[in-house]
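By written order: A, B and C. Residues from 1 in each chain.
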Amino acid sequence: MFKVLFDLLRYNREFLLGTLLILIILALIACSFFAPYGENDIYVVIPDMPPSAEHWLGTNSRGQEIFWQLSISMRNTLMFGVVVAAISRVIAIVVGLVSGYIGGRTDQIIMAVNDTLGALPNIPILLLLVFVLRDQMTWPVLALTAALLGWTHDSRLIRSVALSLRTREFTRHAAFSGMRTGQILFREHLPYVMPIVFFTTMNNLIWAIGLEVTLSILGFSDINRPTIGGMIYWANAHSAMVAGIWWWIAVPMIFVVILFLGLFLLAMSVNEYIDPRSRLARMGA
Amino acid sequence: MSQNLLELDHVTKRYGVGGLFSHQSITAVNDVSFSLASDTPEIFAIVGESGSGKSTMAKMILGNEVPDGGRLVFDGTDIGTIRTRAQREAFMTRVQPVFQNPFEAFNPLTHVDTYLYATARRFTGADTRIQQEAKADEALQRVGLSLAELKGRFSHELSGGQLQRVAVARALIPSPKLIVADEPVSMVDASLRMSIVNLFRSLRDELKVSIIYITHDLATAYYISDRVIIMQKGVVIESGGARAVLDNPTHPYSIALKNAVLPPDPKAAAAAIRQRRALVEGA
Amino acid sequence: MMNATLAPERPATTAPVDVLTIKDLKAYYINEHFGVRREVRAVDGIDLTVRRNEVYGIAGESSSGKTSLIKTLAGAIRPPMRVVEGSVKFDFGGKHIDVYGEPAKMQAARWQHLSYIMQGSMSVLNPVRRIKHAFNNFAYRHMGLDATAFRRRVESHLDRLGLDASVLEAFPHQLSGGMRQRVTIALATVCEPEFIIADEPTTALDVLVQQDVLGLIKEVQGRLGSSVVFVTHDMSVHAAITDRLAIMYAGRLAEEGPTQALFDRPQHPYTAHLIASLPRIGDVSTRKSLAGKPPSLANPPSGCRFHPRCPIAIERCSKEVPQMLPSATGGRVACFRAGEVSMQ
């Protein structure tokens, strides 16, 4: 495992850059555990101070230090994204592999359900849910809802690979070796869909974070839980752009871009590494 | 009652082709009957070119395709009635396949010995890895290999001939009564091919396993099989003892097929080509 | 049952001239994946010549390097494969081309002087376009004819090969596999090239069709007086069509010689085994198989690459590399114990 990481760092420039960017984000998140102020404390520092040696990223109109706000917000936002991506990956893999492997009528039915879910518009449904649930709409509920909406496209991609794997001779061979369906799916077929899984995980993470930011900016999430979107929401509420407090908006945006870029580079390079073709080439096939 | 090991009774298989509106069907296998006796193991060759229906036959015998007409009875059980997993697994302990392309039959990302352990576990009840390894090694010794040289290997590290031996060894683990080998040597290099063919012979003679050998190659069919059927477009056009049929074929298609086999001798082969050319030109 | 009507000998052309000369050719695949450098020596020191008006066979098993060799001689290699050493030179009736000296000249010679017949006919025939487009694409600009004259020429060429002109209007899927392979032969020979590379052209075909295709290739070759390099793993096919035959093993030549002599008196133990192991109808005597497996080209054995599997290997075989030297039967062989192996 360490050798793999070492190889990637040494020979793959994208991986190196991606790792650096993500390390910046992770370091930032780590800082949140050492914050000198509570995450919802206000007027603990002088408001509206531009970035300086004393306040690295400046302070906002609510008297909070942007650095500490950013660090806790990044933690919450990334957590949300990871939970959504993890849940939706599990669903996408199971549905995609099972549907592709069984095929026939079952496949048709599963895919009909899949496509119907995929056709539902995400944001209106989430907004509707927010209105209905109001105060019960905590972030785990929101994450679960987003996860349930975010797997359909990827399960179709996985199914298309699974369909071709089903007709490969090694699948029949495995069946005659007495391997049960679960074993065939997760031992024999899963490695072939891993590149798709990794790449869609990245897309899904970015989609989920974007969704969270959108809902927060609109004020539809729990505004007392600091997130990247929440930061921008508060900045807007205090007319930060008009007041010239640009760093209040610029900082969360820059760091979201760093996060996205880092994830993208990592996914791309890891993808190349776990691709069965490149794996086989390294093994000497 | 003398029971047959395998009995095909007027078996027919059709495939639908075309779209929603122009539905047609192709008869891949048309009214085929034959049987294999359970007391005398034999190598039974099904010979045909592409499109003859020989691979469809293999799939039906293995229970992967269900016939549209007729019955396939194995050891008293109608293969078409196998539904539950328990029935299917009981069937698989007695009938095992060997596939055409060994590089396709082994997942390139899975260690080849995995297949042996899985088979041992499911069909012989070997629960511990030690028991499974013992079973695997025993089967590998039969085909001239050993577990020591295969443990933890991937398919690309072995030659086609070695892989095909492993495939045969795996098929032997449940001590099957019948092995269905669909073109087992067509993807194996010439210098290794005969080792696989000879292996089938020794399985019949020493382990008393019957083998259905499906091939397009008349020369190897002649070399190892006891009985042969020749198929053309789903129909059996000639059948009988392998030597009798292939030495003196009577059906025009079998004769043409036999004449098309190039003799491994430059003078005779060049002459065969010229003759065929003259025939085509004249036609 | 030898046939009475022996086909006429090929037209007596000029004295044997070498169309293709390969000198000490080495072409390796050089791969770097995450710091793991692998060098696969697919073609490792090959010398050979192909004469005018002959069918030159190249036989070998998988990973013998035969496919790499013909890619190299056609100048059709791409990274990660590289020619490390040696030269490939063509002589098309006085027009000399050094493939790795002047790649541009080689490019211009394609199809007009050098063409291919490949295994899958579908790789040259576009499945969604009529056959005539393939002729226009491949041959039109090399012929220097106007459209009607070109069409007439193509039709008469098809006619000579026993194909009806109506195939030009057909789509590839409307033709049978054998018919398609005949079309690709017509396509490869319409410019009357001096040199044709046939890469396993009969491998995927049914036996009946295989004979037709072999007959056709032989006939066209004889009529045009061109040279054909015919690559297949199938020794029976080589017996049927080639005049001279080279046996490749692990990136090198093991033996080369007139096909008949090679089959009658193989000098190299590997050749002897390949021929002896062929099953024949009417003969059920036990065929032996070689021990071991074909060596990896990334890590070939020392000395003679065949020695670990050779039934008559001596100590010297593992230490020294045998050179290709003239053999007793008019060919060349790379073996310290050439001619010492018996057929069975």
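The rule is simple: contacts are C-beta pairs under 8 Å (C-beta built on N, C-alpha and C of every residue); 3 or more make two chains touch, one makes a residue touch a chain.
Note that the structure is predicted; figures quoted are calculated from it, not measured.
Q: Farthest chain from chain A, going by mean C-alpha coordinates, please.
A: Farthest from chain A by mean C-alpha position: C.
Q: Chain pair with the most contact pairs?
A: Summing C-beta contacts for every pairing gives the maximum at B-C.
Q: Counting only Cα atoms for the centres, state how far chain B is from chain C in Å.
A: Inter-chain centre distance comes to 31 Å.
Q: How many Å are there between the centre of chain A and the centre of chain B, using C-alpha atoms for each centre?
A: 50
Q: Rounded to the nearest whole Å, what is the centre-to-centre distance of chain A and chain C, using the mean of the C-alpha atoms as each centre?
A: Comparing mean C-alpha positions, chain C is 54 Å from chain A.
Q: Multi-chain contacts only, two chains or more: what residues does chain A have there?
A: In chain A, the residues touching two or more other chains are 284.
Q: Would you please write down the residue numbers of chain C that are in contact with two or more other chains?
A: Not one residue in chain C touches at least two other chains.
Q: Spell out, as numbers or ranges, the residues of chain B touching 2 or more other chains.
A: none
Q: Residue numbers of chain A touching chain B in their complex, please.
A: On the chain A side, the touching residues are 168-170, 172-174, 176-179, 183, 187-188, 191-192, 276, 279-280, 283-285.
Q: State the interface residues of chain B toward chain A in the complex, per the touch definition above.
A: Touch list, chain B to chain A: 62, 64, 89, 92, 96-97, 99-101, 104-110, 114-116, 118-119, 121-123, 154, 156-157, 167, 170-171.
Q: Enumerate the contact residues on chain C facing chain B in the complex.
A: These residues of chain C touch chain B: 2-3, 5-7, 61-62, 162, 206-208, 210-212, 214-216, 218-219, 233-237, 239-241, 259-260, 263, 270, 273-275, 277-284, 286-290, 293-294, 309.
Q: Give every residue of chain B touching chain C within the complex, in rising order.
A: Of all residues in chain B, those touching chain C are 49-50, 158-162, 189-195, 197-198, 216, 218-220, 222-223, 243, 246-247, 256-258, 260-278, 280-281.
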